[in-house]
Every structure is written in structure tokens, then in C-alpha cells.
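Below are two complexes that have chain A in common, paired first with chain B and then with chain C.
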Partner chain A sequence: MLVDDRPDAGATRPPTSQTTPPARRSPATRVGSALGGLLAMVPTWLLVVVLFLVPIVFLAVASLATFNWDTGKLDWVLTFENYTELFRSSTFVAFKNSIFLSVVATIACVLIGYPIAYAISLTSGRAQKLLLLAVITPFWTAFVVRVYAWLTLLGPGDLVPWMLSLTGLTSSDLDLTYTNTAVLIGIVYCYLPLSILPVYSVLEQIDRNLVLAAYDLGYSPAKAWFKVTLPLSLPGVAVSALLVGIPCLGEYTIPAVLGGGKTLMIGNLVTNAFTGTGNYAAGAAIAMLLLAVILVANWGPRGIAALVRLATRVLTRSAA
Partner chain B sequence: MTNHKTVTVLAVLGLLFLWVPIVAIAANAFNGDKLLLEWGGFTTRWLHQTLRDAEFRTDLRNSFVCAVVVAALSVAVAFTAAVGRRGLRSGRLDRADDSLVLLRMVMPEVVVVMSIFLITRLLEIELGWALVVASQVVYCSAYAFLIINARMSQLSDVYENAARDLGARPHVVFARVTVPLMVPSILVAFLMTFTFSMDDVVSPTFLGGPDVTTLPTLIMGMIRHGVTADVNAVALLAMVFSLVPLFAALTLTGVRNLGAVGTDKRG
Partner chain C sequence: MTTSEPLLTLEGVTKQYASASAPTLVDLDLTLDRGEFFSLIGSSGCGKTTTLKLVSGLEQPTSGRIVLDGVDISRVPSHKRPVHTVFQNYALFPHMSVADNIAFGLKQADVPRRSIRGKVDEAVEMVGLQASTHAKPGELSGGMQQRVALARALVLEPKILLLDEPLGALDLQLRHQMQMALKEIQRATGVTFLYVTHDQEEAFTMSDRIGFMHAGELVQVAPPTQMYHQPGNARVADFVGTANTFPVLSKDDATVVAEHFKLPAAEVAQVPDAAGTAAPDGWVVVVRPESLRVLGPASPRPCVCLEGTVADLSFKGSYTSVKVTLPSGDLVANADLRTATGLALGEPVRLGFDAQDAWVCPAVPAA
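Coming up: the complex of A and B.
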């Protein structure tokens, strides 16, 4: 490419080193476009500050306040009681349940999604487009409907209990609706397309010649997959695990429909605290903890990786 | 490609898992047995009933109007932000902005919605459509930005420079060169945020107050009363309507690109 079209080209380097002819922009238009650029950022920053950052600061402050049951308002007295209260039974159970469900759902999504992604990457042309469409369509289909669908499949005598009864271990009258299992199935179902697409796009980029070379060296297809394809596709698996694991920690709708108020996740506890009892301080504390879990889950692995890199750099340098 | 039988079998089973519930909804919308205990013969009664139902029509219209407004606002905010970033060309600002975009995407919707709810309680602001739209724009604009900025950052300067060399004034260059080049990504972002809004349960439930009803809240309410054929009719129609933006997006950009775009949706 002749033209350097990276977004930050130009500002970070002196104009003389630019690959684009720099003379086109006079200093005046440059300042003008910078000013215009700042102006154009105003709506998004306004939106983020007023509707996102300020409310979350309020949430953080409210989580340290006391809820006054007599007035139904918050007393602005600093306390950590809302946080110590989190470790009481029902809240803590829902927390453990959310983390458990999200870990199991992530593993299930990867295990079910990987073969689909692999199969799609093995096809080409029209067949591949059709398979991709088969994965993307459910993903764009009305979300609540996809969750609701499982209510009609998990009740006594419905499809899933009937299939399970074929193993002879359970009766076909088994009622799975409003259970943890139902919530788990719903999560896996809704997030499955999310786990397929990143793995597919990584598999698609793997050089077929590497696999063919493995065959030439006498590897069986299974062994070639295990030794060559699988290791190369792990970055895609990591992305899909993040895409499934993190959003489902804060899931509200799926447990609300399939858990029927019995199986709760953190998301439901937050709304229950706000709208049920009206104890905003308690709700705010639960929301803050959910926020902390999400941030740790999202940036924790990266932080650890960065620390490991830093440590190895320091160690190798001191060894040298 | 000798031993891919296992993969094929597993993939077929996985695809069945994806499609059986959708087929079941569609089939049971035509089930003559209202309680869905068995197959009671084919009927279009529930569909007719639903299509005539005033509540369904209102909620569908509400959802549609709300989604159009949310998508338009999200795209407008995202597009101006992408334009701003192109004009500023400041690496440090970009990084700060990037982390705010990412933060809005990973933040669970319940947290965003309940933090706004808290403010409405503290400042005694009345719940309603404005708040529903506002909270949806918070995260929809982040997704729209991701789609639009991806295209914007790939946009080379050559066309704009050529137009400028030919004597076009800056605003003409913008309107006649930059915007047309961005249209496909703007439309895809619009369609995607439109479906996000159409699907949303949390915002209308908690920020809408008693007067706000949408298609998802209608379905949530109906589910509470039990599983019947007429819920399936509403569900089937909701599915059919949600396919319209999908196919519009598919014609705009190939199925491969759409797969790459659609990898971050929240529930």
C-alpha cells in the first residue's frame, strides 16, 4: 500500500516522514480539523459522562450510604455494611451460582461450538455461506423468543425430558423448567453463535499447508488436528470464551424467563434489590460487586499476562 | 480430509441444537391445541388473533419506533465520534476513547440501567421512553462506533485529497466523498443497533415505568401466565420481524463480514 491510512498517522510523526504527500494540508486546515475533531467528539463524550460515568459514580456513592426504611430514602452516612451484607446467604449463593453457570456455559459453548466452527472452515463457497447463515440467523433472531422457546421444550413430556428418558436414567415426566439446568441450557443456547464465530475466523486463517505437511510426515488426521490445528486455533477459543463468559455473568433475561424467580443470578439480585425491596444502597453494592467481577474477568487475564511478560523480561535481563 | 466424520456428526448435532427451538416455536404457533399438550391440528387462528390484537399492534409499533430512534441516535453519535477521531489524529485520546467504548460494551446492561434508575429515584425524575432510549444509546453507540470506526480507519486519504485538489471545499469533500464511502458501515451499524433495541428487555422494564410496553415486555408478561399457543404466535411474529434487518444487513455486506461484525452482542 502506498498510502498510510492508519488512523493516527501524521499526528504522531513529523510530516516529513509521512508516506502521504503532506503538503496538501496547510497548518491552518490542520488546526481547523483538530478543532472540528474535538467538536465532533462532544456528543459521544457528553453521552458517556452524563449517562454512563456519572450514574456509576452515583452507584458507587450509594453503595456506601445507608438506606432509611422509615423515609424510604438514602441517608448519606458512610458505611461498609452494604458490602458486608453481600456475604449473607442468599446474595452469596446467587453470586456463586452466577460464576458457576458462566464457567460451565463457557466450557459447554466452546465444546459444542468448536466442531461447528471447524466443520464450517472445512467447507467452502456456497456451502460455507449457507452454514454461516445457519449460525448467524439464530443470533439475530428475537432474543426473548429464543429464550422462551426452551420453556416449551423442557417441561414434562416435552422434547428434552423425553430424549433424556431414552437413556433409561430419568422419566419423561421430568420437569426441567425453572431450574438451574434450564438457565444453563438457555445461556449456552443464546451464546453459542458468539463462541462459534471467533473460532471459525481463526481456523479460516490457518495455512492448510501446515496440516498437509503433518499428513506427509505420517500424522493421522486426528493427530494432525491435535498437534497442528488445535494449538493454532487457541487464540480464537480464548476470544470466544471471553465473549461468552463475561456477558453471561451479568445476565438478567435468561434466568428471569427460565429460572422463574427460583434460580437467580447476580443481574436478577440487582434489579430485585432496586425494585422489590427498594433498598437502593443494597442494590448499589450488589451492582458494584458485579462490576468488579466483570472488570476482573475482562482485564484480569491480560493483567496477569502482562505481569508474566514483565517478570520474564526482568529475569532474562538479570540473567544476561 | 479422510476422517472428518466425527466433526460432521458433532457439527450437525450442534446445528440441530441451534435450530430445533426455532422450529418448535414456529410449529407450535400453528398448533390447534392451545395448551400445547399435543398436536391439535394445523390452525392459523392464533396468528390471526395476534395480528388483530390491539395490544400486540401497539407494542410492535412502540418497539419499532423506539428501535429506529435508538439506532439513529447511536449511529449519529458514533459517526461524529469516528469523524472526530479522524480529524484529531491523537493517539493518546484514541486510547482513552477506546477504553470507554470497551467499558460500555463489557458493562452488564443491568448495571447501566439500574445506575440510571438510581439517579431517577434520587433526583425524582419520572420514568419513561426518554430514559429507555437514553440507556439503550449508551451501549448501542459503542457497538455502532466499533463498526463505523473500523471502516473509517481503513479509509484512505486519496479520494478526499483528490477532491480537494480539484478545488472542492472541505464541507463538500465531506458530504460528497467521505460520507458516501461510509454509508455501508453506517447502515450495518444502524441495523445492528436496531435489533439490539428491538430485543431489549431490561431498559423498558425498569426505566419505562408503567406506560412503556414493547414487544419483548409483552412476551415477558405473557410467559408469566404460562406457555400457550398464542404466546407462540406472538413469538413467531417477533422472529419474522427480526429477520428483516438481518436480511437487509446481509444484502449490504456478505455473510462473512456480518459474522465478524456480530461477534459482540450482550444478552
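Coming up: the complex of A and C.
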């Protein structure tokens, strides 16, 4: 029935204005609550500005200053010399080393870490907790100690050369200490947990029913893994690669200890500039270049894709 | 369903999970006919989903045989069985479009690449998703995801389509629409459906036959009307609708005696072969609320007449549900609108039913 059959439906209701306050808030309160929201953000913004933006600005300014070799201090004379100085073979070698080592280490970490993460995701309960603990435990011991420990495994007759000699390709007298290989082994060892955990957490979240659905639709367990589990775990692999690759670029302890100063990475150049010569300006310039490399690596592909999209849109519009 | 040619047979199937103390399925015998819509109902934990998993191959029976179309498939792995499933939460692949989800099984089967496209288009049309073929499952509503899951399984032309509570996550109105759609699709394709649900109304609406399960056993298999009006025991009676039950005090060839009334045994319907049916917990008389009439002063006197007081009245739209308190317990009767207007809480009321509307079946131990 569409007709309101109560003769005075409206009149019987109590006048709302007297019993309850109006529901709408005045403009003043709305502004107030918006202000409150902004105020709540202030500590966060302060942290970001003080701890991240200000140091980067300092660094950028320092990289444009002049180092006074006599006083050992910075003269605030604007110069691009620190950047032109970078076009030297030692810088290029360090960059080449850093990029090469971090790319190889990232690939190695993902290739080794993925099967470990997958194995952990297949377990459950106590076994899974123990395995995760085993992955995380190294973080609780001193980083430098763990890196130094490798020196005792890499020398002639030590564990690693001996194991390699079992393949018959090398002699057990092989000395791996202070080589690029040693640095690579050290980096992969130190960053492996960082590559396992993101992949594990993504694998763990994949709905088991999706795999069962693939079986149900005619896929053998192996094929189902390649068609369902692997593609769904790729976001975890991407996070792994970022977590390993970016800190790797700035790594300096591992090359200093296991490379014995022979393998220079960008991190070592920065450390040398700051703690060796005290040339903050040169160190700052290297750090800025590293930052630029990382930003380009991170946003470059996306930026290019966006530019291509924009260009095609403009072109198609002008064509039409 | 015109023919009744057996398609799937479960013979003495038992499933014992390593982690469980009692078997989940006990010596289950079940036969599905070709082209029928068969539903398994029962409360959670009764073994209906396990039965489905055994047929799909996602679980293996501990003992017993599963025969599909004359072939023993008990040990055939899931991916080699011509049986496909619509999962409870759809299990759509989030990284693939609707079309790719539907084509997923076809790419694996021996289907020529050229005809995949056509089959996918056909399936998409069947479930009415032409506008969303390029969308990802995450962009679809629950009802649409449900349709994708249905199309993905049906496009493979399974010998049996298994459906595991597929409508459980949908709201009521959508569920009713999907029930109609499922029934139509089942009729149009002629595929045998094995449907699992805890919603007896859903099973009634769609099924040709229903199996009621309890504690790993198949208690009764019957068409919906028979299961409702002639339940195998008091538990079935209670699960498939509201049931007023009266414990039977004694029973012989002439009369069935309950606390407040006697029924002529010849008129009251009983579980077939009642004499031979084991009833260790005794018998009950079952009367459905719609068979229990509220009597006015001038009403013709029915076979059985009971007196009590009105304890509750709830308006249900087309009828009013009346709860009546008797000295021996509560009853529920459905009253039509005119009768209900004469009733008031706490007032005395007379109820009656005819022997033909009552049903005698084995009682079950109290839970």
C-alpha cells in the first residue's frame, strides 16, 4: 500500500528541533575538525622533514661547496668541481663494481632465497616458526663479526675452496680472500634473509584454494605451480629485489673487509672522502650521484612509460 | 531428469583424516543419476564437503570405491578427472582477466587454440558477463565472480559439476536470482550437478534429489517433497523445516499412542517398512506447522485436538507463526491472517491436525 493511512502521520511525530540538536554541524566545527586532522599530521611531517629532507638538502649544498686543502674545511664558494671530479676512472670503476655486484647479488639472492621461502611456506606450526627463526637469527649477531668470519672460510685450504675443489675445476689451495668473489659471497650471505622474508610472506598469503582450483581444472601440481603460485608470488620477488639491490649499491663494510680495499664500491668512495681525507664536498657529490642513480633506476622505467603514454596521446589527438 | 542411468557411484567410501579421532565419512553409499541436480545437505562437519572433495580428487578415500561412468576413479589424481568444481569462495585467479580465468582449463585440455576463443565467448554469454570479459576478478561483484567461477568449470564440459556452497557469500536477493539461474543452466546444459549446501531451502528450490548427511553418514536420500513430508528420522525432520514432534509412548498395528492423543495406525503415514526399521531411541510423530490448524469455536473437529496458550505471535507476511505452550512443551503452528487476528498473547488456543498430515519416524538421541 502506497498511501500513508495514518490520518495525521506528520503531526503525531514530535518536533525534532526541540528534542534533538540539529544533525548538521556548523561550518566552524567542520573547519575545526579539518584543522585537528592537519595538526595530527604535524609530528609525522616534522620527522620526515628533520630526519630525511634536511640532511639531503645539507648534502646537496655541501656537494656544491669548495674543499679547502689547507684548513681541511669547506669554503662556501659555489662550484661544480666536485661533480666534474667524478668523471674519473676510479669513480667509474667503483660505480661499475657497485652496479655489477648489486645486480649479481640481487639475482643470486632471489634464486637462492625463493626456494627457501617456498620450502618454509610449505611447512606449518612449530617447524615453520623454527625455520623462520633460523632465517632471522643472524640479524641478532654483530654484522661485522659475521663478515669477518667469512675470511676464515675463504683462504687456501679452508672450507669454501675445499668444497669448490670437489667439483674438480679448482684446487683447494685457491685463495678467495680479498677478491670480488669474496665480496659477492659476503653480500649474498648478508642479504639473503632480506630476500627470503618478503617472498615467504607473499607465498603464505596465496589462497590455497587457487592452487586446488588449478588442479581441479586439469593442471598437474608442477604446471599449477608455474601458472598460479609463481605469478602470484612475483610482487614478493620485486620487494626482495628492492630490499637487496638498493642497500647493496651503498654497501661498504663487506667490500672493505672481504675485498681488503681492493674492490672499491661507491660506499667505499664515500667513506674514504668523509673519514679519510675529510673532503665532505667530494663525499657529498658521490652520495648525490648515487641517489640520482637509484632514483633513475627506480622511477626511470615508469617515467619513460608515462612519457610514451603522454606522447602517444598527444600524437593521436593531433592526428584526429 | 527422464532417464535414471547411474553416472557416479560411491561404494562403501570411508574417509579418516590422520588428524581426526573419528572418521569424517563412514561407509558411504551414494549413486548419482546422469543429468540430475543432486544436493547434499547437513549441518557443518557432517561430511558433505569431504564427499565433494573425494569426488573431485582433492582428497583420497581411506577405503571404498568411486566409480564414474563405469571407470573406477578412486586413485585418479584430481587433474585427470573429468569433474570440475565451483569453489565456495570462487577461487578465481586474481592475476587473470575474466576471459583468461574461463580459458584457463581449456588451455590445458586438448582443445585446439582456435576453438578456445569461441568456447569462452559461449560460456561468457551463458552467464551474462559479455561486458566484463577484460575485467580482473577483483573488480567484479560477488555475484559476477560467482558467474565466472561457474563458467570456468562448465566450459570444460564436466561429467559432473561440483558446487561447494557457491551462493553462501551472496545476499538473499542475489541468492534467489542465482538459484534460478543455476537451475536454468543445469537444465540447458544437462550436466549432472552435485551441490553442497547447509541451506535446505536452497536445496529444495533446485534439486531433483537431496541427500541428508549427519556425522559422516548419509541418513536419507529423497526428492525434496518426500524429504520434507516423510523425513527419515526426527533429525531430518528438524533440519529441513520446522517440525513439531511428539514422542510416541507405544505403537502397534492399530494405534499410535502419544502423550496427548492417539492416532489410528492405518491412517497415519509411517516410515516405509516401519516394523523393520531400527528405532533404538523410540519413535516420534512429526507434524509440520502448516498442518497444525488454529481452531475457532465453529471449526470442524479434526482427528487430534490440543489445548494450550499463545506464547508468541510472529508476523511472517503471508501467515503468522504462532507459538503455543502445552503442558508437555511448545508447538509452532502457522495461522492465516484471519485466524491470527483472533489470537492474543497468553490467551487459550485450540490446535488440531488430521492423522493423514502426521508422520511417524524414528526419534534421535538428544544432542
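Throughout what follows, the second predicted complex is superposed on the first by the 234 of 320 C-alpha atoms of A that agree within 3 Å, B and C clash if a C-alpha of one lies under 4 Å from a C-alpha of the other, contacts with A are read in each partner's own complex, and residues count from 1 in each chain.
We take it that contacts are C-beta pairs under 8 Å (C-beta built on N, C-alpha and C of every residue); 3 or more make two chains touch, one makes a residue touch a chain.
Since the model is a prediction, treat every value here as computed from it, not as a measurement.
By the touch criterion defined above, A:L197 reaches chain B but does not reach chain C. Ranked by how many residues of chain A each touches, chain B and chain C are led by B.
Of the two partner chains placed by superposition, only chain B is touched by A:G250; chain C is not. Of the two partner chains, chain C is the only one touched by A:Y219; chain B is not.
In the superposition on chain A, contact of A:V270 is made with chain B only, not with chain C. The intersection of chain A residues touching chain B with those touching chain C, taken from the two complexes, comprises 220-221. Within the complex formed with chain B, the chain A residues making contact are 1, 3, 5-12, 20-21, 24, 29, 32-34, 36-41, 43-44, 47-48, 51-52, 54-56, 58-59, 62, 74, 112-113, 115-116, 118-120, 122, 129, 131-146, 148-153, 155, 157, 159, 187, 189-194, 197-198, 200-201, 220-222, 239, 243, 246-254, 256-257, 267, 270-271, 274-275, 280, 283-284, 287, 290-291, 294-295, 298. Those residues of chain A that touch chain C in the shared complex are 207, 209-210, 212-221, 223-224, 227-228, 231-232.
Note for the complex: chain B touches chain A at residues 1-4, 6-8, 10-11, 14-15, 17-22, 24-25, 28, 36-37, 76-78, 80-81, 83-91, 93-94, 97, 100, 103-104, 106-112, 114-119, 121-122, 134-135, 137-138, 141, 145, 149, 152-158, 161, 164-165, 170, 195, 198-199, 201-202, 205-206, 215-216, 219-220, 223, 227, 231-232, 235-236, 238-239, 241-243, 245-246, 249-250, 254-256, 258-260, 262-267. Only residues 56-58, 77-80, 83-85, 87-89, 91-95, 104-105, 108-109, 152-153, 156 of chain C touch chain A when the two sit together in their complex.
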